[in-house]
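Structures given as structure tokens follow.
First chain A sits with chain B, and in the next complex the same chain sits with chain C.
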Partner chain A sequence: MTEYNFAYLDEQTKRMIRRAILKGLAIPGYQVPFASREMPMPYGWGTGGVQVSAAVLTPSDTFKVIDQGADDTTNAVSIRTFFQRTAGVATTTATSDATVIQTRHRIPEEPLHEGQILVYQVPIPEPLRFLEPRESETRKMHSLEEYGLMHVKLYEDISRHGHIATSYAYPVKVEGRYVMDPSPIPKFDNAKLGDMAAIQLFGAGREQRIYALPPYTQVVSLDFEDHPFEASKADHLCGMCGANDSYLDELIIDDLGGRMFVCSDTDYCEARQAAGHKGKDAA
Partner chain B sequence: MQANTLSGGFADPATQSAHAFRSVMEAMARPGTIQDIHGAAPPAPLSPAMGAVLLTLCDTETPVYLAGDMDCDAARAWLAFHTGAPFVGPAQCMFAVGKWDALTPLEVYPIGTSEYPDRSATLIVECSELASGATLTGPGIKETATLSLPELEAFQANRTLFPLGLDFIFTCGGRLAALPRSAEVSRSSSQARAQAGAS
Partner chain C sequence: MTPLLSVQGITKRYGAHIGCADVSFDLYPGEVMGIVGESGSGKSTLLNCMAGHLIPDAGQVVFDTRTDGPRDTITMSEPERRMLGRTDWAFVHQHARDGLRMGVSAGGNVGERLMAVGERNYGDIRDKATDWLGRVEIDATRVDDRPTTFSGGMQQRLQIARNLVTGPRLVFMDEPTGGLDVSVQARLLDLLRGLVRDMGLSAIIVTHDLAVVRLLADRLMVMKSGRVVEAGLTDQVLDDPQHAYSQLLVSSVLQV
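Up next is the complex of A and B:
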């Protein structure tokens, strides 16, 4: 604790990030540039999320980190330990007990409540980047609300596959204005983005962008009248807890093509198992 | 130099500014909610809430405009010592500090550009009260919220600039509320009745 400033970052950096967060909240879905710092982990490991978390954490917070829904993967464990050491915050794996949740690529299954903050790690914040590589151009497209190219991309999906095949990082429109990349969450989670009670903050470290969704913001997944948006998941029950409403990971369990489906949200699955729910693969 | 220039800052800047920021962020994310904010004891005419907001958000990179009565030696010296923020006119500021009458008209403040709408001023307005009042809708508000505002027209005009525009933090003693540019402001039904009765 004494070796570092509270929550690792120096105060001037935190002020800069905090100012960006406030502008992000005032302009939902707009990507605010910020002076991203080198963090003691490589870009791509959640440096954007870590910097946002460092700027919002207080000593009285309870912190949870999930990586693809799991509390126990390397990325989640190391970031949780990082803030345990540098900010002295309490940590938890229970979604409802956490006040700040940093996430990579999932939204918890359990609905979040007011007073919670969800911090996303974002690799590529610009939804138009793979369609137009020049930042100067994408910035102009956002300023002119010129999002036709994104609809062309979704249309090409339909012409090639018969349906919109984009299954993660599915683009959304925020409050009828900015098209936003919700980070690579499965499109199953897109339905939870809008009207959420918690504050959602997005940090992209390498790309140096912060954006935000205030609570109860209108978020609409882009689609077509004849091809409406569909939040899809594997059509199975969780093998461990039997849940039919949670997003599932597919696991290969032997060399003979055997597989099972389990909840990607470990806390949700464990809580259900503790409550006596049992799937077909549970021991 | 006054003795109170050197005092009144955060005793424990890292944790006190973290708590203060959470108050400001909650206020900005949930327009109409009134938050407590602690830790600063600036000299008059700066209020404790205003002082805490400035300590939390301002430093040498943020030009500050002091409007009207706020532009006095005591406030300048305190802010210069504790934040190092440069003092500028309204057209160059990132933060403007003052009472509503001194801050208006709003046309002079930077509202951002269409490519960088975040490059806009935040106005920190000291109010005589924070209570319910005008009806607010928009991001951060479940159905409707309510907040006492110094007037309506200026905020309605500001909303039409979206995504450009100004953001507001209202302070009163040790409390604050906020109004981002995204909020729609209208007369509350009780205010409308009062005006109908008066005319």
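Up next is the complex of A and C:
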């Protein structure tokens, strides 16, 4: 049987990743290069997030993994199991009990508290990539704060759709300095990025970048005066728990085209139901 | 009067090979300077040194900035130089695709410089972009089309609109009519002449086409092997060239 070091990665690699994390925390929103390691899972499975989690986990941590808000998808289960096996840490699905939460595509609805760490899996860390493919040029644009191009992207959106149609990975400006891609979370979650009590760490495995938001960082979503940013969501209540303040997934419930809206954050929805809240579609 | 641009002793080598050597001249506000010479004579090298795209081995490029008066743009910081590059300076490339974002609509292309200097009102940006399309004779209905759907002449006019929208004071142009059909060239030249006159622009135009400078330039510099061999008022140089090389250049055009 193979002997793993705690949390799979060797101590030297974890130190290297921690240095990148600390640098990221010191320069909020700045993409720090790091030497990404091979992980025993495909890139699409969030190897950047996994490496960051491996570097911050301690034996006394309680670990939670969500994928699109759910704890029970294949991706979430396999990452949770991976750290159960390699680090022996306790796991949970309860947002408030977790000390480290790895996520893809969502920020939990329940406000995070001090002492928690939220680790994002990031596919493409460079927000300028869409219009400027040259890495040497995007690096220069960041260092000189030349961000006009970000607004060109939003301009194109409005000219094509009549409104800013970007609904995921909506670009933000951090502490009035770096423009950052918050990973493909819905723009509804952008409102939670700023002034958060928890530490937020972003890991991109294939692209070998780590960036971070320390607690209580100012984060502003880019927009135009006459097309202001809106943290929109489906205009419904959760069919299961009746919540009016959570991000909803639309489900097809029968072959007659019946639909229902449910919280994408399963822990949030279940906790509300357990507390007696009931939506119109609840049994 | 303070020159808008004062170029002193610009030299650029490529290894042992000379790109341009010891070029000096002053450009006054509202003046158009033409730089002519055969292919390989160092015109583009000189232009790129002046516009901050190449770092010369020697010399100064002093620009009369709005806020701080004359400054050597070669020794100023890169952020300052790049800021000039998207405010008071404009650069029109020979190939429109080098100066346009081909994946972005015409409106987005024109609006980019506005957004780069902080404009944040979509309606205003779009209005200004549409206005500028009109000024370069592109129909307003094309504002959301990508330049890939434009003809060569339209692309070049779009590139000009994209450059002039922030009201620059100095425009660098490298063979702006090169590669276009003759009739398309004539229309573009007319347009450029109108814009230069109406906006009181100062410009430096590099070309191997003497008809272009005849129409646009107040003064001329003739380059050969990286050096300026003759300079003067356009009509004087073209009608009564003094240097043997200038005479050759002018006569070869007459033969065409």
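Rule of thumb we're sticking to: the second predicted complex is superposed on the first by the 281 of 283 C-alpha atoms of A that agree within 3 Å, B and C clash if a C-alpha of one lies under 4 Å from a C-alpha of the other, contacts with A are read in each partner's own complex, and residues count from 1 in each chain.
In this text, a residue touches a chain if its C-beta (ideal position, glycine included) is under 8 Å from a C-beta of that chain, and two chains touch if they have at least 3 such contacts.
No experiment lies behind these values; they were computed from the predicted model shown.
A.B. asks: Do chain B and chain C fit side by side on chain A after the overlay, or clash?
C.D. replies: Partners fit side by side after overlay.
A.B. asks: Quick check for you: in the superposed arrangement, does A:F224 touch first (chain B), second (chain C), both or neither?
C.D. replies: After superposition on chain A, A:F224 lies in contact with chain C alone.
A.B. asks: Go through the superposed model and pick first if A:I158 touches only chain B, second if only chain C, both, or neither.
C.D. replies: A:I158 contacts chain C only, not chain B.
A.B. asks: So, A:L149: does it touch chain B (first), chain C (second), both, or neither?
C.D. replies: Second partner only, chain C.
A.B. asks: A:L131 in the overlay: touching chain B, chain C, both, or neither? Say first, second, both or neither.
C.D. replies: A:L131 sits against chain C, while chain B stays out of touch.
A.B. asks: Tell me the contact category for A:F82 with respect to chain B and chain C: first, second, both or neither.
C.D. replies: Neither partner.
A.B. asks: I'd like to know which partner A:K14 touches here: chain B for first, chain C for second, both or neither.
C.D. replies: First partner only, chain B.
A.B. asks: According to the stated criteria, A:Y211 is in contact with first (chain B), second (chain C), both, or neither; which is it?
C.D. replies: Once the two structures are laid over each other on A, A:Y211 reaches no partner at all.
A.B. asks: Could you say whether A:F188 touches chain B, chain C, both of them, or neither, answering first, second, both or neither?
C.D. replies: Neither chain B nor chain C is touched by A:F188.
A.B. asks: In the superposed model, which partner reaches more residues of chain A, chain B or chain C?
C.D. replies: Of chain B and chain C, the partner in contact with more residues of chain A is B.
A.B. asks: Tell me the angle subtended at the Cα centre of chain A by the Cα centres of chain B and chain C, rounded to the nearest 10 °.
C.D. replies: Approximately 80 degrees at the chain A centre.
A.B. asks: Please work out how little space separates the C-alpha atoms of chain B and chain C at their nearest point after superposition, in whole Å.
C.D. replies: Superposed on chain A, the two chains' closest C-alpha atoms are separated by 10 Å.
A.B. asks: Quick check on the output: what are the common chain A residues between the chain B footprint and the chain C footprint?
C.D. replies: Chain A residues touching both partners: 144.
A.B. asks: Under the touch definition given earlier, write down the residues of chain C that touch chain A in their complex.
C.D. replies: 78-79, 82, 86, 101, 103-105, 107-108, 111-113, 115-117, 120-123, 125-126, 143-144
A.B. asks: Which residues, counting only chain B, touch chain A once they are in their complex?
C.D. replies: Going through chain B, the ones touching chain A are 13-15, 17-19, 21-22, 24-26, 28-30, 56-59, 61-62, 94, 113-118, 120, 122, 138-142, 162-163, 167, 180-182.
A.B. asks: For the complex, give me every residue of chain A touching chain B.
C.D. replies: 5-7, 11-12, 14-16, 18-28, 30, 32-33, 55-60, 139-140, 142-144, 175, 177-178, 199, 212-218
A.B. asks: Sort out for me which residues of chain A touch chain C in the complex.
C.D. replies: Going by the criterion above, the answer is residues 131, 144, 146, 148-149, 151-152, 155-156, 158-160, 223-227.
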